[in-house]
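Naming follows writing order (A, B and C), and every chain is counted from residue 1.
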């Protein structure tokens, strides 16, 4: 691909001369990029590597970095107000290139997977060896169901979905267009619901389902339980990192980002555009508003209003939490002072 | 199924008139139930939906809700002192109905799984495509071993067990009667045991095993390590939620409930009827008594006596912890006050 | 195996008489060991079981325990300055014995797995039924790739590696000599990287890879993401417990031990010989030095210097943290005192 075409597709401004026919083959970090690759800087922290990079072009916010640029740079500057976004878009341009490298012949797979007689699959959908698909399923076009994934009965998978190896999708789940489910994830498992009877726990048989709307991405070894009688739903465009737990009847809005190892307990509702750090715990039966941000390791035990930014366990305003966290460290000093005051007083 | 039969099986008292031959087909939430379904209210929070429900009958604690009931209700009230338990029992009644819907023909599976020549399986046990079972195993009657589950060597699985897809059971594990193991769970993996030698860590070869007693349920992607030389054991009737970690040589009592993402470190012992919230950490080599309750995100670093209710990290009495947690938020105020007092004093 | 040979291989000093031809068959705990097994005591806590053990020989630190030994002991004392290490070494001696017990015939497996035509495997490497291996892979000698594991394209696995069932290794990963990857672990999945565009998140296509150096052990259901454009690397000899999350571009040094459910966010670097407790969270883009110890449930939000021992969330010196944690419990008392002082003052 010509550099000039990359620049044009990303709507960037090039600073520096380069030949019309300069070819670029991919993207690398400042340290790893070869001479036919482009690179990027997002933020000042990594700008120190600019003097060493072999990349032929570097995406950056020129205005913010120009005063600190090393002299004699040979790369073309690809100016962007949002270099991280431009980098992400660039990776999308090279997606097919890297995809091609890893292509695998899919002939002879048909005798190597199982699909129920009443299930249907669309065109250009590749099913890998070892996959099991139950009865009554509908798999769309252009999907990839990779090795040893297991799809239960009556599951609907829309077009362009990618199911990575060893994923399990329980009965009656719905997977939207363009969803990506990483290896080992479990969609639609039984919720953790029991009533305490005289002889021990009585299991609530879960008749609900789990639904991923369009363009949801689910990380490796994530677990998403289905609804007890209704549904668990992940809104369109929401991205969930590895090892996250989503309990039964949880409803998550659109375009949320949920970092690794977070857990959301049963029946809670999360709004749109919510950002949740890693290892956060959210209690059951609460409501978290739109545009909320929750810092890593927080414990959220009550409702959260739109736009709040919170931290701590139990969580409250991150500004106040930071003040308290600093003072927690000074508790010994404080107790000493109180003791002194008490003595003086006497 | 006739409503009158459901009522009789659940030992409920019906308030309201209904035809002898009124048929019910399942259970729904107040919002989702169709006219031929029953529903339930457990607690006041969801009672607001009572005026809208289409359900023909609703399980509730009539005494506690009657003053707030909407006028002109058409559904039959199914009075229960413990509506959540009655709901759970009702789901058990409809279990077979929903199970039937998802039934899959199991013919032609036999050429599609592997079972060692010295392993035996009982009657009515269905083994799905892609399953691997090693040598010396004994699988009981009426079990379902679902697709791509892997059972090692010398494993004993008692009657009526359900092993979901992609589960791995290591060598020498014992799975009791009626156990349910959800997708992706790992039973009997090597414990995290090493001694530090001069050249790095020396691995302790684990010769023990993991045991689930009867009616244990294990959530998706849970990990349970086997004993180093002895065993790891989960007591009868205990329920473990998704993504929980149980380390080597842990012994958990009967009828415990352990919520998602909790971790229990090596050699600790948990009593009977213990309830553990999500994301709790329990240190190694400690003892937690019977009937203990541990709040979510707690860190338990020492022994806990029977009946204690604890919270925090490190955890202590939940009452005291709540007081401290409220004051943590007020630390800035406190430090300010101290400063003022100090000044005044001078 | 003769006891005298075990003693010689472990370089222990025997205290007590025993026949030349005394045979030992394995290792047990003090409580479980049979008369032809050896046992061990590491620390005083479990020494109480010494009076009951049936073991014919017990590894211990004689100097430290001799004053408390029960009278009339029949077992041979195997004196060791580091009994836990000697025990670990002893398990290694008996490794082959216990391995033999679980051996499985590997004939007839070849028609039951899939390996790409351009992939190669070394000698004595056993591939189990249901395994999928893509194109361009190189698998070394003496490896075991167990049932339903899935290996992508262009993966390199060195000699003597063990891949347990249901593991997924993504394209381009590198697995070093002697690595052990437990069931359900995922190596090389997409990092959680998106840029926020106008219409939602734009995914960063990850072209990097994940690398495990030699003798790394990875626990069950662990997730290790690959680098965005470079790599994620786990240093030689490092041991990672179950359900740990390692994000994209993380670099972990040699001989670290990372306990269960810990998460390390993107681009952070961990030094050599670092010990990390369970459920720890480490923020992204930070550096943790060599020989650092991090207590369980800590949250590490900034750089950590060589040799530091830290605790808390946010984490700081464990000594100071312990002081503060004790006083957190006394906050109600403190607030009461302040109130009293304020009153008196007025």
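In the analysis below, a residue touches a chain if its C-beta (ideal position, glycine included) is under 8 Å from a C-beta of that chain, and two chains touch if they have at least 3 such contacts.
Computed from a prediction, not measured in an experiment: that's the story for all the values here.
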| item | value |
| --- | --- |
| Number of steps on the shortest touching-chain route linking chain A and chain C | 1 |
| Same or different residue numbers at the chain B/chain C copy interface, by half rule | different |
| Where chain B and chain C are represented by their mean Cα positions, the distance between them in whole Å | 26 |
| Interface hub residues of chain C, defined as touching at least two other chains | 130, 148, 166, 184, 221, 243, 261, 279, 328, 334, 338, 341, 345 |
| Contacting residues of chain B [partner chain A, same complex] | 26-29, 31-33, 45, 82, 84-85, 87-89, 91-92, 94-95, 98, 101-102, 104-105, 112, 128-130, 146-148, 164-166, 180, 182-184, 215, 217, 219-221, 237, 239, 241-243, 254-255, 257, 259-261, 278-279, 296-297, 325, 328-329, 331-332, 334-335, 338, 341-342, 345 |
| In the complex with chain C, residue positions of chain B that touch it | 114, 116-117, 130, 132, 134-135, 148, 150, 152-154, 166-168, 170-172, 184, 186, 189-190, 192-197, 200-207, 221, 223, 225, 228-230, 243, 245, 247, 261, 263, 265, 279, 281, 283, 285, 299, 312-314, 316, 320, 323-324, 327-328, 330, 334, 337-338, 341, 344-345 |
